[in-house]
Amino acid sequence: MRALTDVSFDFAAGEIHALVGENGAGKSTLVGVITGLIGPDSGFVELDGKPIRFRNPLEARAAGVTAVFQDPNLFPHLSVAENIFTGNYPRSGAFVDRKAMAREARAKLDDLGFDLDADRLVAGLTVAEAQFVEIARAVDTGLKILILDEPTSALTPGEAEKLYAVARKLKSLGTTVVWISHRMEEIRVLADTITVLRDGGHVQTSPAAELDDDAMIRLMVGRSVVLNQVARTEPVGPPRLAVEHLSLPGVFDDISFEVAEGEIVGVAGLVGSGRSEIAQGIFGLSPRMTGVVRVGGAQVKPRSPAAMADHGVVYLPEDRDAEGVISSLSIAANISLPSTRRLSRFGFMQSRRERELASQQGQALRIKGHVQDPVSSLSGGNRQKVALARWLATDPRVLLLDEPTHGIDVGTKAQVHDIMRNLAREGRMAILMISSDLLEVIAVSDRVLVISRGRLTADIPISEASQERILAAATRASNGKDAVA
Amino acid sequence: STQAPGSSGATASASQSGGSAVKAKIFMAPKFTGLAYFEVARKGGEQAAKDLGIDFKYIGSDKPEASAQIATLTNAIPQHPDALVVSAIDGDAVAPALEQARQAGIKVVTYDADAAVTARDIFVNQLTYELAAKTMLDAALLNSPSGGLVAFISASPSAPNHAAHVKFMKQLMDTDPKYASLKYVSTVQFAGDDATKSQEIARNLMQAHPDLKVIISSSAVSAPAAEQAIIDAGKGGQVFATGVALPSSVRDFIKSGNSKAFMMWDPAELGYIATVAADELVKGTITGKEGDIVDAGAAGKYTVGKDGEVDYNKPLIFTAANIDKYQF
Amino acid sequence: MSRQLRTYSSELILVGLIVLAAVWSSGLSPYFLDTSNLLRSAQFFVIFALMAFGLFPVVVQGEIDISLASTLAVGSVLFALLSVRGVSLFAALPIVLVATAALGAVNGLLVAYAGLPSLAVTLGTMGAYRGLAYLLAGDSGVTGITPDYRLLGSSWVGIVPSSVVLALIIAGACALLMGTTSFGRYSYAIGSSPAASRMAAVPVNRTRVAAYALAGGLSGLAGLVWVSQYQSARGDNADGSILFVLTAVVLGGVSIKGGSGRAVGVLLAVVLLGTILTGMQLANVPGTSQTLVIGALLIGAIGLPRAVQLIRQRFGSGQLTAPAGE
Amino acid sequence: MTASVQTVPERLKERLQISGGSAALRIRFMGVLAFQALLMVVFTALVPRFIGWGNVQSILFTAAILAMVAAGQTLVVLTGNLDLSVGSIMGLSAYVVYDLASQAPVLKPYVVLVAIIFGVVLGAINGFLVAVLEIPSIVATLGTLSVYRGFVSFYAHAREVSVGELPQWARHLASANWLGVSAYVWLAVALVLLVGFALRTLPWGRKIYAYGSNPRAAYYYGLSSRRIVIGAYIGAGVIAALVGLLLGAQVGNINSLLADGIELQVLAAVVIGGVSIWGGSGTVYGAAMGAIVLATINNGLVLLGVQEFYRLIFQGAAIVAAVAVDALVQRRVQSATNRRAIMEVTS
């Protein structure tokens, strides 16, 4: 399989160069090739006009090329300072100079404007802080190229702002910043030049000013896609899922809401506000949670995911690869996993029924690939569809979707939205959709819940929902009390 | 059917070779290979093979596990040896395999450690348990003439000979006036024939019982190791380890005066007699019934006693005066 | 067809190795190709096979259990005690199987619900259960097993020893269990990714405990085979044999990291090891060399594919995509 | 979408700082200490002689050998691997080196050097199998456990190296007392401090921690997993080979079974000492404490006159208890961590 084919283009010095493309377009692979993580089968990288081949990221770093890779990769048991200098320790003689290491780390963090204690263990950091550590690690004096692979996907707008400032500062110092992102709005405000990749190939490189959003999306997916809001045509039915006074000490407090049959309820909030935890609590992943959960009017005890799935309540986790699918198993095995019992007769699985079920779901969601292929061979969007398909195969009544389009390209995104609408309208399912993408929340939901610091701060009908109103609720502490004590 | 198919054929072929002028084929299987004691016994067996014209093989696994020995014995049977000379690692567990061998016409002699009586023709016992116990206590008194407190280190809770030795020693100390000056620690410690473990236990025993005088072990690994630990703890000449030991492993202790006496028997001679007995069983000169006489030439003549037991019973106590005589 | 070949490549390699080993063994010893002897020797590996089939689902789930040999000892001693006390085999069987399954379940509970690393847990219970076996057996072990308990080890089905038939039945049951039931599906899923399995409504903890209980129960059954074949039970029964069992499971193509492996592979691995060991013992190869050969076989069989791959990369395409040197 | 907002509530931050991270990891060592203290209190209450200087020395002497090998094992466990072959390396080194020295007296002054060479070679073989051939460590070292031991037995041919054949200095060392404490205890203290220092301050040591903490990150950071893992195995091999010499000198009569089965004791010490079997956390000091705990249990139970069975059961329980504490700490670290990715490798 080829991940990249004949990609050639230039990065100019002292610019912010955005790299865009659908999921699986080959952006991350390109980063690997440039930094020496992956050996290209052919072709070469030129730095300052000279061809060069790094054998590993340390060599690349020595030549002034560093990258912050897509997934956070830190050493949890070690301090922030040590993470910043791993493999590159300040030394005195043969020894690691621990004092100098802490000092330099502090200086670096201050310099970047990150408020972070260098002596803390990384194990205790938030996602955003971890991301800062990665960036602090990558940024160095004499840096020629800094590559950031989706650096803001886990950051709040405020935190992202900090990062924009860092990028601009580096640019002013003559560093080329390669910025990979799926967020159109930040590419708009940051990029000087935009390169579009598609299917492992180079499509176009042009100055940002010459490329509007529509054109960019067309180049990325080969057609134009709009996130449009579809007016609802059918009335909502009776409540399917109702929760009352859900609390999990230190995480969320006194959460009550209802989701009706055929309704899509969006859940907005800042990262870490507790949205995922609430959904996971309902799905039986937090035995310590208190409160009442009703499904179709009957009270149920969320003891375990297996029990909740039996009640028709299912949860699509936000971390697709670690939790959503089992990559080493086949598409069919993934899809049939929660339905094994139903597919068994006298305790034995019936492989014919399993294959039928898998291909039926695969066709319905337009999953690429043969049902016997391992999920690891699929792109992110298709994996997400597999993760969804395995639940749809159980014929659920309530869908809890956590960031269902996180890190998915615009094309697939629209497709997922259609699927959701379809499930709600035709399938009469109750859908709770957690999303950090406000445009998406507004485009897809019938109603928007906002969570702030573990409390429900707003329940907004879609007719009144706006980005401003949601954000205001997301940053407000209700009654001055925090759930997080 | 409960009879292994094919075993009757084996009987026929084995009885053909018996009594004829063909060299007897005898396999010796120690508890496990790699231990110096068994290696010395092997030399005796090889000597007998040379003297009597026997086709002799030494077989076994290096794992001190009953199942490994059973595998060894099971796989010996189809090779149709005329006799097996075995030191049983677990006398009951190997019994079925040995019985199978006997059904196939193979004579079975046990030495050093016996198997169930029905599973063998003859057991050549180096020392009766009681005599061994006595000899060990004698060695203890040679070390500490005024008597004192004794502690025991055994191999494992499931080693029957060690258990019997300890039982008899306790009995003798309780009843025999000769050993009245000796008292004992009731709990037995187990070192699994491991030198390191034996030393650790020896050190701990000295701490547990400040008035300890003697540590006795019938493991040829534990006794010297314990003595070494005593010397290293600076207690040489005050506390003594004794019991079963190869002279080569205690020569230095005895010569340095730290220890006065250890005991054993001559494993080479034991191996010799056992092999001779096997040969005589094969030739049919003896059958293993009570009163038969095993004639081991220079090693002596031994009468088969009750239950096919042949008592070699020549304990040796190694002291400064005689240790140089024993080169094993 | 080629997909089939690829799926079963590790089993095919094992079959090839078995053939090689058989040829080698019959060259080593003229006694090797004696059918009745071969079947009798097979009997000896039944105990290991049963433990291996118990360990197999545990390893598929990405865990390990090194306490099985100790569990076997508890099982054999319990059987022996019940036999001596005149309890019939049919009453004893459920009692002991439940007891040993419970010992396994203790491991499982500690691993699944308390989230402890299985190697450490079973390192601990390996000692504890061994102590328990000694405690039950007393100083000299239990002898005087009644004939009904010995039937399994001394009867034959046609020309095949009953215990070998038992092992084959268990192998078949294990293959069905892992290949076609929800327990098997769940096991492979858990071994591949516990977190994702939990999210997919797989009852992770229960499945884990079940695997450990099964392993304990099969070890208890192996204890019965022990008692029936060796007619005695002591605290040190099967001490040290877990290394052999683990070797068989790993050699059978079960990844120690979990998520893959098949029962037929485990069976073939036991056969392979049995063939080699029997051949060497029939040829009176010294024990030391046997140890060396088994160790080398383990390393060779597991390391060879990767070695070939490395050599091909070095001299073939000249491309290394694996992490390169510093 | 450019509202400027507070990231994570301040109080949450505080909570994370307390519950997560360093505090919990440090508590882990205190846990072993506390367990040891508890053992000492109980044993002293039952047998007052327990706390006597002589007895303490006896415990320390027993612990010394175990602590040194455990320090070597810690190197490997920190990388998230295992070395089951340490006992075989010890036996091989002790037997072969002393035997060579007694056969060829010219070698006598170089005994230590020869042992180091053995340690490097045997450790490197382990490392090669694990890091280059990518055989899971438990499988690879299970294989070398057999192969190395098979080699000694092969070489030894059931002979023993007897006390008289050992170099004089080695024998002296085994019984020497420096400042009233056994030389082995001092050597153990020195070795544990040395390894601890190297792990803390040498880039070599820091890379071992980093790699063990998150191998995938190490890969992204350009650390060579091969060098790190092979280095750790060589360290463990050299320590095992040297300690083999010490143990050989202590035992006196060396047979080919020396140190057979010690790997499980060593592993128990490491686990009790709070070195995470998942890699990346724990210290050699903890492992050394683990060795002391084991030695204390063995000693105390002999003092109490308790049967062997109970020792097995008690030790097993201690191991399970220790990992339970470890898992609790690990969970705190984990709960305080971004569930998404950072700790993914360790779960």
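Labels for the chains are A, B, C and D, by order of writing; each one numbers its residues from 1.
Quick note on the criterion: a contact is a pair of C-beta atoms (placed from the backbone, for glycine too) under 8 Å apart; a residue touches a chain by one contact, two chains touch by 3 or more.
What you see is a predicted model, and the numbers here were worked out from it, not measured in a lab.
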{"item": "Chain at maximum distance from chain C, centres defined as averaged CA atoms", "value": "A"}
{"item": "Inter-centroid spacing, chain D versus chain B (mean Cα positions, whole Å)", "value": "37"}
{"item": "Inter-chain centre distance, chain A versus chain B - centres from mean C-alpha coordinates, in Å", "value": "72"}
{"item": "Approximate Å spacing (C-alpha centroids) for the pair chain B, chain C", "value": "34"}
{"item": "Cα-centroid distance, chain A relative to chain D, in whole angstrom", "value": "41"}
{"item": "Chain B residues counted as touching two or more neighbouring chains", "value": "33-34, 62, 157"}
{"item": "Interface hub residues of chain D, defined as touching at least two other chains", "value": "150, 153, 219, 222-224, 308-309"}
{"item": "For chain C, residues that touch 2 or more chains besides their own", "value": "134, 195, 235, 287-288, 291, 323-326"}
{"item": "In contact (per the touch rule at the top): chain pairs", "value": "A-C, A-D, B-C, B-D, C-D"}
{"item": "Residue ranges of chain A in contact with chain D within the complex", "value": "36-37, 56-61, 69, 71-79, 82, 86-87, 89, 91, 94-96, 98, 119-128, 130, 154, 156-159, 161, 185, 250, 270, 272, 318-319, 322, 438, 453, 467, 471, 474-475, 482, 484-485"}
{"item": "Residues of chain C touching chain D in the complex", "value": "64, 110, 114-117, 119-121, 123-132, 134-135, 194-195, 235, 243, 246-247, 250, 255-257, 287-289, 291-292, 294-296, 298-299, 302-303, 306-307, 310, 323-326"}
{"item": "Complex interface listing, chain B residues touching chain C", "value": "1-2, 4-7, 27, 32-34, 57, 59-68, 70-72, 74-79, 90, 92-96, 156-158, 160, 163"}
{"item": "Residues on chain D engaged by chain B in the complex (per definition of touch)", "value": "47, 49, 52, 54-55, 58, 61-62, 65, 150, 153, 156-160, 162-164, 174-175, 177, 247, 250-262, 295, 298-299, 302-303, 305-309"}
{"item": "Contacting residues of chain D [partner chain C, same complex]", "value": "82, 129, 132-136, 138-140, 142-147, 149-151, 153-154, 219, 222-227, 264, 267-268, 271, 277-278, 308-313, 315-320, 322-324, 327, 331, 347"}
